[in-house]
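Multiple structures follow.
Okay, so subunit A shows up in both of these, paired with subunit B first and subunit C after.
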Partner chain A sequence: MGIVNKHTKINRADIYPDHFGRRKFKNNLFLGTVIFFSLITISFVFLIIGTLVVKGYHQINWAFFTQTPPDTFTAMMAKSSGQLIPGGIINGITGTLYLVAIASLIAIPFGILIGIYLYENSSKRYASFIRDITDVLQGVPSIVVGLIVYLWVVVHITRGYSVLAGSTALAIMMLPLIIRSTEEAMKMIPDTLKEAAIALGTPYYKVVLRVLIPTSFSGIMTGILLAISRIMGETAPLMLTTLGNPAINWNITKPVSAVPLLIWQFYNDPNMVDLIWSSTLFLMGFVLILNLLAKWIAAKRNF
Partner chain B sequence: MNENNINTQPAILSIENLSIAYDKDKLAVKNVSATIEKNSITAIMGPSGCGKTTLLRAINRMHELYPNISTTGIIKLSNDNIYEMSTIKLRRKIGMVFQRPNPFPTLSIYDNVVAGYKMNDIHLKRLERDEIVETSLRDVTLWDEVKDSLHKKGTFLSGGQQQRLCIARALAFKPDVILLDEPTSALDPVATAKIEDLLVDLKKQYTIVLVTHNMSQAARISDNSMFMYMGELIEYEDTKTMFTNPKDKRTEGYLTGKFG
Partner chain C sequence: MNSDKILKYVLFFASFLILLISGGMLYSLIQGSMLSMHHFGWKFLISSEWNPTKGQEHYGALLFIAGTLFTSILALIIALPMAFSTSLFIGEYFRNTRMASIVSTLVDLLAGIPSIIYGLWGFYILRPFIVSIGLSAQGYGIFTAGLILAIMIIPYATSLSNTSIMMVPNELKEAAYSLGATRLEVIWNVILPNARSGIAASYILAFGRALGETLAVTMLIGNANIIPTGLFSTGNTMASVIANQFGEASGLQLSSLIEIGLLLFVITTLINAAGKFIIKKMA
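Right, the complex of A and B next:
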């Protein structure tokens, strides 16, 4: 007992004072480096948000959410007399919401069904093939998706740039995220819950609808929100599929605007530069809220 | 093979030459025959891995969830061969309670009790539903504890309460038989005692088959006991006889704690 006590009370520093000091120094150096780099990362995020707020908030007003952008001459006149640029980005906001809604309508049912299929047949060869394809799809550059959809939908189906084409491109980009999050969320459900439902004489498709989907709802929803926030800022595929539209459009076979498309247009017009910042602030804010919502829902898991 | 010696009640289940293999050749249940009395508690005992769960799950055909399983022999529920019934109907007549409490986490206490109806789109009038919920919860002595929080999630309850909720869920269909697979193995002694008491009460209305790893539990509450060993039904007696005067060496060995 006494010996053990003696042992535990001996300080390493007493035996190897030099070694111990060096180790402490190394420790502190490492900790310092970690803190330094994480501070850089954090400040980078705040710098982005701060820049957007400082440069963008002037233009965020009622007109911003209710009017379409002005022509370049009006914008120039307003600027030269020191006023705010009149007009807003309502065509872009409605366009983005429209595109995201149609894309979700396509991607969510497909994604959930494929996710369920993968979960139910996780060990089958065909399932792991689908899983590989999903991974590949996730890595396909968005411009490539845009090109393919241009070829399929713009050229052959709507015969011109359209909401449908844009939504198809965005849906393809959403799919892998929804498939994966559905499969992962279902894997978390304990088997005993399925058995409880089956033991009540529930046919399997109703077990899926009434137990698996509701129980994994928060996981699936998180995936959907992250998928949406990922595609909301996509610009390249939309340039090839929806082109843009100076007015609000609800016709699914016609071109439509979107916030990132407007940002690109404003960038190319020196008179519109001020609108870039407010549009970007809006987009960033929206994506940030979706992300926070996703985090909040993920934290509300059922079991 | 031992037959049930003391049949004081008419049989409700009869198992005839039942053999079950998860994979070819390796039998998990070997040629088991037994009849189970109506309104009794039958305990299934035996060392871990001897086939208790497999036998129990064969009674409501839950064992068929394993894709490669093969079954020979028959089980009759009051003269109907269960392997010729639809599993959906069968499972409403033979309810099941699992080792760990598994209330549906998305449903309230109330909805958990009538989950069987909800899942299957069986429409009930409001009053009928209220009535089923109350009787089922009273049957498991949970009513007084939860009557003011029926619309809270079932997962807020303690482990013992959750397990009683799961029994209530099985009772809601008014089944003929209730199968329980080590229902108290995850519970503390107080919660266990409550469940044992209510099972004794429930046998007035239902027939109960209980897998238990706990010999004293079987001794306390069961009328008849099965002892299984390596897939075989070694001995099946009324509980008193089995505990005081076991016929087989292996039963005696198990009951005196020599193995298992």
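Right, the complex of A and C next:
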């Protein structure tokens, strides 16, 4: 090393001859790998959404939101003469909104009640059993939920494919999500707030209505929006429960269409290919907005 | 009876709904598959013949079980490096930075994309790509389905891993740094041993997700009723066969499909229970 004085630059590798260079290289290599694979992961989001936008935007027009889909022959004629496929997916849009509304009507009240029950009795054995069962229910594949609702509602109640059956299937899938998010949101409420209400002699139902639900409202809302965005694109359970309908339908005991069901039909019909992308773009846009809305509410919450 | 008691009872009885749904589910699945159980017994699980021709009907679930396991295991293997890197990116390297929150939002979005959109993207973009690089003639099969499934389960594998990586105490990491460890050595010798049960649980739960995925797999696996012989072989899964044949099935075939549903229910429940058990032990 020669003469060492204060001007000599000392290399760390000279002091620590234990392959520091190699360790540092490995360290950087690993960091590079982590960044590389993370970029691959998030690139899929852009690849998928990008594909939908590029392929779907030119079919989005006024008719798309106001008309029902054309039959195969009309679509084929339009395609062969180089025009846009006429018609739209209004029966699917109304069907999806209808199904989601009925499902929410079933799942939201029950979900919140059960969530409050789990929060209030968190230490009880029975409550923790219910919590485990809720987790099991959340893990049940959507196709199995469809199968079950077919056996329950389609066979025994409406005796045919129906809105009620589809909504029941979606409600069963929403329920665990709402229960868990209600419970989690309530856990964030400071105990002092609840104790203050109880110390004032407030009846228990008022504590729930005036303290628990309002303070955890944004958390519950986030859970509801995420649950709706999850079930909105569900296709498999609807194939077994509502089947589809070429026209708009508001009768709860009759089959109804939904945007994902229409996508599945378009996919199976070579003449309709062009409508696939605009429908998926619409569905994706809707799901995306709900997701971002949920994130925004979650970020704004006080607790 | 005062209002407090009424509310308490309402809350208590609401919880029965969960028992009713889950108990009813198990009951209806077992009852619906009785016909097939009587007919085939245990052979249903080890027979790989699926023949709906009237007169010589025979149903066995083995090929679907094999197809489901192959695609899901492949999906887990492909998802592993991506999910692990992403959770290190969010939970360690760039934790609490703007970068991390953007990446985490995007990964959450990946979980929000509906299954049918993955299927379409796989069918129209990924499949032609696989054909064009010469991996397979038609592009259908275990590999394509596994690849799409892998993308779908990354968010499930990532979210819990993040949390458990972030939960590793700072003191432990600082102690390692003060001994001269590099970041990689800290990750390998401090973070991983401490977060391993959370990471394992998240991969188990992601695997459970993969088992029950329906449409995306249906559109890509080729729906051939054979036991897959290789990475690019076609096949069929339990969820796909239900989706494909349920519409026109009746009698023994319907009962066999319900029994496949029962099997799927039992397998996913066991996998999820294993994951939750690990999480509970960790807490």
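Annotations for the structure displayed:
Please note the rule applied: the second predicted complex is superposed on the first by the 287 of 303 C-alpha atoms of A that agree within 3 Å, B and C clash if a C-alpha of one lies under 4 Å from a C-alpha of the other, contacts with A are read in each partner's own complex, and residues count from 1 in each chain.
The rule we apply is simple: a contact is a pair of C-beta atoms (placed from the backbone, for glycine too) under 8 Å apart; a residue touches a chain by one contact, two chains touch by 3 or more.
Just so it is clear, the model here is predicted, and its values are computed rather than measured.
In the superposition on chain A, A:M174 makes contact with neither subunit B nor subunit C.
Once chain A of one complex is fitted onto chain A of the other, the partner contacts of A:M272 are absent, as it touches neither subunit B nor subunit C.
Touch criterion met: A:P214 reaches subunit B, while subunit C stays clear of it. Of the two partners subunit B and subunit C, more residues of subunit A are touched by C. With both structures placed on the common chain, the touch criterion links A:P203 to subunit B and to subunit C.
When the two structures are aligned on the shared chain, A:V154 is found in touch with neither subunit B nor subunit C. Shared-chain residue A:A258: touches no atom of subunit B or subunit C.
Contacts of A:P190 after superposition: subunit B is touched, whereas subunit C is not reached. When the two complexes are superposed on chain A, the residues of subunit A that touch both subunit B and subunit C are 203. On the subunit A side of its complex with subunit C, the touching residues are 16, 23-24, 26-27, 30-31, 33-38, 40-42, 44-45, 47-48, 51-52, 110, 113-114, 116-118, 120, 126-127, 130, 132-137, 139-144, 147-148, 150-152, 172, 175, 179, 203-205, 208, 229-230, 232-236, 239-240, 260, 263-264, 267, 276, 280, 283-284, 287-288, 291, 295.
Residues 60, 62, 65, 87-92, 95-96, 98-100, 102-106, 115-116, 118-121, 155, 166, 169-170, 173 of subunit B touch subunit A in their complex.
Within the complex formed with subunit B, the residues of subunit A that make contact are 190, 192-193, 195-203, 206-207, 210-211, 214-215, 217, 302-303.
The touching residues of subunit C, when paired with subunit A in their complex, are 2-4, 6-8, 10-12, 14-15, 17-19, 21-22, 24-25, 28-29, 32, 81-86, 88-89, 93, 103, 105-110, 112-118, 120-121, 123-125, 151, 154, 158, 180, 182-185, 187, 205, 208-209, 211-215, 219, 239, 242-243, 246-247, 257-258, 261, 264-265, 268-269, 271-273, 276.
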